[in-house]
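In the two assemblies presented below, subunit A is common to both, partnered first by subunit B and then by subunit C.
Now for the complex of A and B:
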C-alpha cells in the first residue's frame, strides 16, 4: 500500500472512526491494565454489544433520514410508545407476540409517514416537524401512562437477553438492520436517490427523482428502526415504559452517533458503516468509564468533547480536498 | 413590524381568549403577572433569534440556564454580599460559552447543531460534577429580587424584558443586525461584500449566551434552584422563534416577531391550563399547533422562503 493511498484513506471519515475505535480500545486496554484490571473481557464485550444494540438500531435509521437531508427528533418518544404498544398487546401471552410486533411496526410506520408528509407536503422544517410529532406522542404517553405497563412473555424476553456463543441476539438484530440499510444505500436505486436528495434536492428533483417520496420513505424506515429498538427495550425490561426512550436520550444521542460516524448533518455524504463505528465508539467509551469507575458526569463532558472534536477533524479533512 | 403582524394577530386572539375565560387577566396586575411569567422565555427567544437568523442553532441554552442557576446558588450560598460579584461572573460565563460555541462553529467549521449539542453535554456534566450531583446552596434575597420583586407594582422582570427587547430591536436596526441578516441569508455573498461573517456569528452566539444568563437570573429568582430549571428550554426557545415566522437556515424574520412568538407560546400554555387541558395532553396540543402554525406560514410563502437545514453549511 503506497503512502498516497493511506493518506487518501485517512480522508474517509469511516476509516477515521474505526481507527479511532481501535486507538480507544488500545488506550482503554493500557489504562485498565495500569489500573490492575483486564479490559475487554468476555463480559465487557457482551456488555458493549448489549448496550449498543438499541442505540445502534435507532442510529441506523437516523442515518437514512440524515443522509436524505432531514433528521428525526421524534425517535425517543416513539421508542417509548413502541415499548408500551408491544407490552400492552402481548400482555404476557406467547400467542400475542406476532400481533404485537405487527402493531408496533404499523404504529412506527404511521409515525414515520406523518413525519415525512408534514416535512414534504406541509413544507415544515424537519427539526420543527419531528419536534412537533415528538410533543404529540409525549402528550399521549403522559396522558395514558404514569409508569411501566403491560407484560412481555418470557419467550420474547429472550430477544433481549439470550445469546448465541458470545454474540447476543440483540447484537445480531442490530447487525441485521445495519446490513439491510447498507444494502439499501449502496446496492439499490432508492439508496442512490437518498444520496442524491440529500446532496442537492433541487438537482435531484430536476433529474427526475420524486424527492418528496424519497424523504417520506427514509422517515418511515427511520421510525421502523425506532420501533424495533422499542421492541428490543421492551423485551429487556419485561414491560413497556413511558420514559425508556427519553431516559436513554435516543434522539440527540442517535444524531450524535451518526455525525460521529462521519455522516454530514446537511445530508448526502456518509453511510451506515460510519454510524456503526460511531455507536461502538460511544459504547466502548462508556465501558471504559465504567471499568475505571469514573464519575458519570465526567462521561457526559468527555462525550460532548469527543463529538465536537471528531466533527471538527472531519471538517478539516474536507477542507483539504479539492472542491 | 410588517413581518411581525401575523404572529401579533395570533397573540392578540390568544390573549383575548384568555381574558374571556379569566377576566382578572384584563386588570393590570393580572396582565403583569402573565408578562412576568413570559419574560424568561421571551428574552431567551430573542437571544436564540440572533443565532437562528445568522443561519445557526443554539441547543446549549437550556443547560446553560441550569448551569448558571446551580453555580449561582452554590457560590452565593445565602450570602447577600456575594450577589453582585456572582451576577458579574454569570454574565462572563454566559458570554464565554457563547464565544466558545461561536469560535468552534466558525473557525473549526463544525455544524452549530453539533457544537451546541456537545456544549449541552459538557455543561450539564461539568456543573453536576462540580456540585456533586444535586444543586446545593441558596440564592440571596438580592438575587431573587430580579425574578420576584418589583419597582412598585411593576415586576423587575417586566422592566428587564422591556430593556432587553428594546436593545434587541435596536441591535437589529443597527449595522450589526444588517450584517447578521446578510450573513444568514447568503454567507458567501456577505463575505465577498466585506462582512466579517465569522465575527458576526460569534457575536450572535455571545448574545444568545447573554440572553440565557438573564433568563437564568430571572428563573432562579422566580422558580428557585433545581436541576431541572432549564430543561427543554432550548427547544421552547427555538419553537418560539420559528413560531414568530423566523426561518431556520437564517436570513429571514424579525426579532420582534420572535419575541411575539415566545409570548404566544406562553399564552398558549396559559390558555390550555385555563381550559383544563392540563399537564399531559398539553404537549399534544402544543405539538399540533406548532406544526400547524409553521405549516401555515410555509404554505403562504413561496418555496425559497423555507430553506432547508443544509443551506447554512452548504454555503460555508
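Now for the complex of A and C:
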C-alpha cells in the first residue's frame, strides 16, 4: 500500500522539476566544458545558493498563499519596506538589531493581515486586493524615500555574506524556512486546511473549516516570509532601499517559481519541495547564462519559454493520467 | 431524535419554506420527496447548519438547538452527504474523511491514527477495493460515495442526510448504497433520504414526507402509500400514464454506423431513423456516453463507417445536424452565469445558423416556465435548465439528437414534460438516441433498446423489454 502511494507521489510534478534541474546541470556542464570552462565550481554553487535565498524565501511564502487558492502581488514592495524599516531602526547600531527585526516582522504580519482581511472580509479577489496593497506601500515608499536609507551594522551583514563551511548562512535561513513550511503543510492541521481551502473552498467550509481564518493566516505567513527576505536583502546591501524588492521582480518571479515547481495556480495541489526545485532551476539557469555570457534579453526569452513549457507539461500529465 | 417545528425560510424576500414539521427517529430511514424547487435542499441545509431558519425550532433529543455553522451541526452528530460530493480529489481518502477535524498528537496531525480509523470504518462497511491512502481522484463515483459515508460515520453521526445519493450511480452500484444504508440502520443511525427515484424510496424508507412548494403535504409510513399516490401528492395532479405513446413507425435512416470504433468502442453497428427513439442501456463504463460523444464528434470514431459521414470534430458533428444533450448539463451543457437567451443561442452563434429570432417561440415550445429570457441559467431548476439545453439545440433544427441521461436530477413534473417533448420531436421527424441509467425510462420511452457492454453492442431489444432482459445483456460479462 505505502509502496503504491510513494510511487504515485514520485509521478507528481515535484519529481519532474528535480529531474529537469539535474538535466539542466548536466547540459550546463557540457555547454560550459565545450566553452572551455568549468560549470558549478564551488564558487558558483555558493553564488547560486546566495542568489536563490531571497527569492527562495519569498517563494516559500508564495507557495502557501497559492496553495490556499490565493496569491500575493504585494511581496516585492513589502520587501523594500522591510529593508527600510530594518535599516532605519538599526541605524548602524548592534543593539538595535533585535527591535529592528521585531519591527520588520510586525509590519510584515500587519501587511499580511490586511491582505487576508481584504480578501476574506471585503471579498476582493486576491489579485486585486494584493495589487492594491502593493500600490499603497509603493505610494508610501515613493513619498518618503528617493534612494537607499538607514544603515545596517556589520554584525547583521554577516547574515547576508558569511558562510558555515561551504554553506552560506542565507541558504541555511532559506532551508530553515522551507523545512518549516513543509512541516506546516504536511504535519499540522493548518497545513491540511490550506490544502482543503485551496482545493475547494466550499468543501472546506462544509467540513467545518473556518476558511477565512485559514486564508488570513496564510497571508500573514506569506508576508512574514517576504519580511524575512527584506531583512536578508538589507543585510546584503548594508542599507534599506525602496526599489530592492521590485528590482528583483520578487512578485512575479516568486509566482513563476511556485508554478514551475508544480503547484497549481488554482490552489490545493503542490508543495514546498517543488518550489525549492523551481527556484534552484531558475538560479542554475541564471548562472549558466552568466557563465556563457548570454545577452540578457535572450535570458528572459529562455526563462519565459521554460516556465510556459513546464506548466504545459504538468497540464498534459494531468490529462493523460487514467481516471 | 430530531424534531423540527414550524420551520420557515426566505431568500431575498422569496419564501422557500414555511411551517415545516419533521420528526426523525433513531434507526429510521425517512425519505423526503418533492419536485425540484419544493424546498428539500433548503430544508436539508437548515438541518445541517448551512442556513439558519427564519422561524421555527429544531430539537435534538428534546433539547433545542440552533446551528450557526456546519461544524456545530456536525458536533451534534448530524452529517450530510451532498448530491455533488464534498471531497478533495487531490487528497487521500483518510485526509478527506478527517477533513477539518484531523486528530492531533502533541500538536501535530496524527496520520497513523487517521489512517487506522479510516481503515477500520472501511472494513466495517465491507469495502476492500480501496484503502485510506488512495487519492480520491483515482476512485470511482461509487467508491467516492463510500468515502462520504465513512466521513459521516467517523463523526459518529447519529443522523445522516443524503441528498440524491443515487443520482450519480449506475444501477448495480445502487445496490452497494442499499447495503450501506442497511448497515447504518443496524447501527441505530437515522437516515434522511432525499430522492427523485420513487423505487428507492419504497425499497428503503420507513416513512416518507412529501414537500410541495415549500410546505409539508404529509408524512406517512411507507406501507400506507402507493407509488401513484406519492406522485399525485408531489405534483398535485394525477400523472396517469408516465410516458407518451410510442410513434407509429420509423422513417428514413438518418444516421448509420458500420463497424465503428475508437479507443473505448468496438464494432458498433447502429441505425438511427427519423421518428424513432433508440434507447441505449449499459452499466457505467460500458461506453454509453462515449458512443454519444463519438457520434457527435467530441471523441471521434477512429475506425469503421458512419453515414452520411464520420465527424472528426464537434464542429463537423454539428454541421451534420447532430446535437448532444450531455449528461452533466452544468459542466458541459450550459454557461451557468449567462442568461437563458444567451444559452439558447450558444449553438446558433457558434455555427452562425439562423434561428436567432425564434428564441421566444423555442422557449415556449420547450415549455420553459416562466419563459423569461433574461434570467441567469444557474437560478433555474434542473428541469428548466434541461429545457434550455434542448432549446439550444433546437435553434439549428437538428436531424439527429442524442440525449445522455436527459432527466437526471430533474423533478417528476419536468421529467414528464421532457419526455413529451422528446416524443414530439421524434414525431416531427427527428432521429433520437437516449442514454439512460433508469430502466423504467428506457423501457417506457424507447422504440428499441440497444444494450452496450464493454464498448460493444451486447444486443438489441424490441420496444417494451423487461428490466431483466436488459440487465441480463448488460451484466452478462460481469457475472460469468
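By our rule, the second predicted complex is superposed on the first by the 310 of 323 C-alpha atoms of A that agree within 3 Å, B and C clash if a C-alpha of one lies under 4 Å from a C-alpha of the other, contacts with A are read in each partner's own complex, and residues count from 1 in each chain.
Heads up, the rule we're going with is that contacts are C-beta pairs under 8 Å (C-beta built on N, C-alpha and C of every residue); 3 or more make two chains touch, one makes a residue touch a chain.
What you see is a predicted model; the values in this text were computed from it and never measured.
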_Partner chain in contact with A:195 - subunit B first, subunit C second, else both or neither_ = second
*asked:* In the overlaid three-chain picture, which partner chain does A:92 touch, first (subunit B) or second (subunit C), both, or neither?
replied: neither
*asked:* Under the stated touch criterion, which partner chain does A:207 make contact with: subunit B (first), subunit C (second), both, or neither?
replied: second
*Where does A:47 make contact in the superposed view: on subunit B (first), on subunit C (second), on both, or on neither?*
neither
*Could you look at A:308 and tell me whether it touches subunit B, subunit C, both or neither (first, second, both, neither)?*
first
*Determine, for the superposed model, which of the two partners subunit B and subunit C contacts more residues of subunit A.*
B
*Should A:187 be classified as contacting the first partner (subunit B), the second (subunit C), both, or neither?*
second
*asked:* Quick check on my understanding: which residues of subunit A belong to both its subunit B contact set and its subunit C contact set?
replied: 268
*Residue ranges of subunit B touching subunit A (in the complex, touch as defined)*: 57, 59, 104, 108-111, 113-115, 117-122, 124-126, 128-129, 133, 235, 238-239, 242, 248-249, 279-288, 290-291, 294-295, 298-299, 303, 306, 308-310, 313-314
_Touching residues of subunit C toward subunit A in the complex: what are they?_
50, 69-71, 74, 80, 82, 86-92, 95, 99-102, 104, 107-109, 131, 133-135, 137-138
*Can you list the subunit A residues touching subunit C in their complex?*
1-2, 4-5, 8, 187-189, 191-193, 195-196, 199-200, 202-209, 268-269, 323
*Which subunit A residues qualify as touching subunit B in the complex?*
69-71, 118, 122-129, 131-136, 138-140, 142-143, 198, 201, 252, 255-256, 259, 265-268, 295, 297-305, 307-308, 311-312, 315-316, 319
